[in-house]
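Labels for the chains are A, B, C, D, E and F, by order of writing; each one numbers its residues from 1.
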Amino acid sequence: MIVEQFFEDYELGASRRTFGRTITETDIVVHAGQTGDFFPHHMDAEWCATQDFKQRMAHGTLVLSIGVGMTASTINPRAMSSGYERVRFIKPVFINDTIRVVATIAEARPHARRLTHGVIVEKVEVINQHDDTVLVCEHLYLVERRTPANAAAAAAALP
Amino acid sequence: MIVEQFFEDYELGASRRTFGRTITETDIVVHAGQTGDFFPHHMDAEWCATQDFKQRMAHGTLVLSIGVGMTASTINPRAMSSGYERVRFIKPVFINDTIRVVATIAEARPHARRLTHGVIVEKVEVINQHDDTVLVCEHLYLVERRTPANAAAAAAALP
Amino acid sequence: MIVEQFFEDYELGASRRTFGRTITETDIVVHAGQTGDFFPHHMDAEWCATQDFKQRMAHGTLVLSIGVGMTASTINPRAMSSGYERVRFIKPVFINDTIRVVATIAEARPHARRLTHGVIVEKVEVINQHDDTVLVCEHLYLVERRTPANAAAAAAALP
Amino acid sequence: MIVEQFFEDYELGASRRTFGRTITETDIVVHAGQTGDFFPHHMDAEWCATQDFKQRMAHGTLVLSIGVGMTASTINPRAMSSGYERVRFIKPVFINDTIRVVATIAEARPHARRLTHGVIVEKVEVINQHDDTVLVCEHLYLVERRTPANAAAAAAALP
Amino acid sequence: MIVEQFFEDYELGASRRTFGRTITETDIVVHAGQTGDFFPHHMDAEWCATQDFKQRMAHGTLVLSIGVGMTASTINPRAMSSGYERVRFIKPVFINDTIRVVATIAEARPHARRLTHGVIVEKVEVINQHDDTVLVCEHLYLVERRTPANAAAAAAALP
Amino acid sequence: MIVEQFFEDYELGASRRTFGRTITETDIVVHAGQTGDFFPHHMDAEWCATQDFKQRMAHGTLVLSIGVGMTASTINPRAMSSGYERVRFIKPVFINDTIRVVATIAEARPHARRLTHGVIVEKVEVINQHDDTVLVCEHLYLVERRTPANAAAAAAALP
């Protein structure tokens, strides 16, 4: 779905919630295979059983990738993902944990160099089935301002 | 390989370089399937051909996951990945681009609350075949200090 | 996203359109691996080059699975997918073809045995980048009627 | 294996049986990733536990794709898969269910427009470890008749 | 398909041929992900272009696994795969090469310790689209002899 | 990591040990999908439960591929993998078994035809969590001798 929003259209505090998704052994094996990270923390159940956390853990990049992916539901043609701030792995995610995401518009600030754009900060909270937050980050979007030029270009792009 | 390093053992400016890896169409399709992000920027070659960037782009989380994964070569039992700062998608990564990573110890700072640990910041630069930096981030590690208690625990854990 | 609709709420002729998706060699290799169908029509480029169609073709079940999957965007808790009618492979789908789907409510009919439910028929058309229809089918949904009992159960299920 | 059969060679009631195959969590995760259908019915074990069926279910297209794929054992160069009729999801398939397929030649009928071909209908029954039929469909094949021209072409194609 | 054969039933020189299969970039990426072997010979197109072989090569274990897998068409309940001899990587397999396999019964010899079994040696030749042999090996099967006890057990196992 | 070693540099008896890796249901499903070997020994939990070994087994080629892959940690630009000898499947590997590898330089012998190279034989032992050896093989490497010409070429290739 396409939802066109200029920088000025974002509402601070607006929030969206995703469905849940169970993180499976398959997800971890596939992520190891995609990234090449076969560290025993993720892949060796015997060794993990001897550690404090007792069991295999999801890669941090797996939780981040799935968490952010779960928020990729509508496309805003005026916005572009430009990075993350303050990514923190707060609790481990284990096989069979079920995560969901709450994403909240946390800040709207001018862009340091581009007058035609602003930066929208969406706080992403990944939460498990015990209501524990397991990962947080701030997702940065570069978004066009509603300048006359931008608005004209947007209108021209309409089908 | 296991390389044990306490907080005090990290050397500012120390740097390591990975092999290269070509980002394939397969990587993008697998990452879409893992994250559920099937946005046309990654999946629709026809639509992409009508856009400024002309071709399908890798997901930001794919470049981050593979880039960080490429640095996962030695395990330090005294360190734990705790998050990222300042993740920035600087240039798009296209199918058939080949990336490599340079990781540099950029900062060693006290931990805000734990006296027994410090924070090591490793700057991660993902660079393509044109020597363009495509992604940067700061990888944060929580690392034990060489306190008597920590050193004793480490020694006890030796095989 | 959840959109609750009883049988009576569907509007004949209502139509929705998906984004496009390029069918890749990866999709075919993954589908062969999932189904065990390694027939040379899908897997042997040399042999295909000697046939009328000249190149590897996507499996029929791949085009159906992705086509139907592309329509799985909103959940209706009052409906359940119960099958397909008149699935037809009209044209081959080749590697690098880009498909999109148009889904149209084509029929609303009583259920043969259940008074509390009706059958909604959604016509699914999978169309390639040349605007050729490559696959059609009728997707059948078993949907609750707005009986007092059903409506009461639905209301009780609200959060 | 190649088994050449003209339309006239099919025997009504002839039946073949496949080995069994256990449907795994991996199959569901891979199918979600291939189709983009991450509905909680397939992916969210916590939510499923609150529903009547109590656990994650395989996608209908997964059961159809694997079921049909299990019958793809011999190639008939005179036949072409052209679609399905009466696909019905009769019972859910859960993780760890083991399915097998019985395929029976159910009908041989003239083609509506092509005199040189007929339609062979193979009934496909997917059966679980409790001997419950979980999916049925009719697989349609367009098959050459043994006309002099067809038979001559077939003979010419022999190695 | 099940084809029951005792040790005495194998015929020296008997040979079978598989369909062809094109080795894709996907196969290499998936095999790297399964094995953890991300060596630049398989994954870095830029570096490969500077080497004698100019392009990415399939892993040896990939060619062996697919080659042997292509021969896994019929099950003999009296035989068990026990290993390989003389596996040799004769020529590299590149992306888009199409391989096929010829498997020939090369030797039938007594088992060193078990009187009730013999060893069948099947020579496996993997051949590319230029008719070059790219890999050879000897696949060893431990097969029951037609002793009275074995034959009685086999008969009892019939459905 | 690159470690340059000529034929003369290998030390008989030198040994290296890998981390452990748990073999998952996912690994087996992915390997079946990569190789096309869907034999019930690997894929049908119901049938396996009626057999002596009671449960699904990993493919021999899977254990070999992962075992060898786990040793692919450093690159020697003077060596090339050329095949295997005496591959033996000693014990089955089941889902959730954790394997590790010990690799030992077992032999250094002249090459039959090339004066400039020798053959290094590395014995590979794959061991499970019960310290049982499940697979052994001899991995053959073709390695350059320290001839003046070879050494000059190696020096010239240094960055």
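In the analysis below, contacts are C-beta pairs under 8 Å (C-beta built on N, C-alpha and C of every residue); 3 or more make two chains touch, one makes a residue touch a chain.
Here the structure is a predicted model, which means the values were calculated and not measured.
Between the interfaces B-C and E-F, more contacting C-beta pairs are found at E-F. Between subunit B and subunit D, two chains of identical sequence, the interface residue sets overlap for the most part, with shared numbers making up over half of the total.
By residue number, over half of the contacts seen at A-B repeat in one listed pair from C-E, E-F or D-F, namely E-F.
With centres computed as the average of Cα coordinates, no chain lies farther from subunit C than F. With rounding to the nearest 5, the Cα superposition of subunit C on subunit E corresponds to a rotation angle of 120 degrees. Separating the centre of subunit A from that of subunit D, both taken as means of CA atoms, is a distance of 39 Å.
Chain geometry summary: the mean Cα position of subunit B and that of subunit F are 28 Å apart.
Each chain gets one centre point, the mean of its Cα atoms, and the points for subunit A and subunit E are 44 Å apart. Taken residue by residue, subunit F touches two or more other chains at 25-27, 30, 34, 36, 38-40, whereas all remaining positions touch fewer.
Contacts from subunit C toward subunit B in the complex involve residues 19-22, 24-27, 30, 96, 98, 129. Subunit E makes touch with subunit F in their complex at residues 27, 30-31, 34-37, 39-40, 59-62, 64-66, 68-70, 72, 75, 81-89, 137. Residue ranges of subunit F in contact with subunit D, taken from their complex: 25-26, 29-30, 38-40, 43-47, 56.
Within the complex formed with subunit B, the residues of subunit D that make contact are 30, 32-34, 36, 38.
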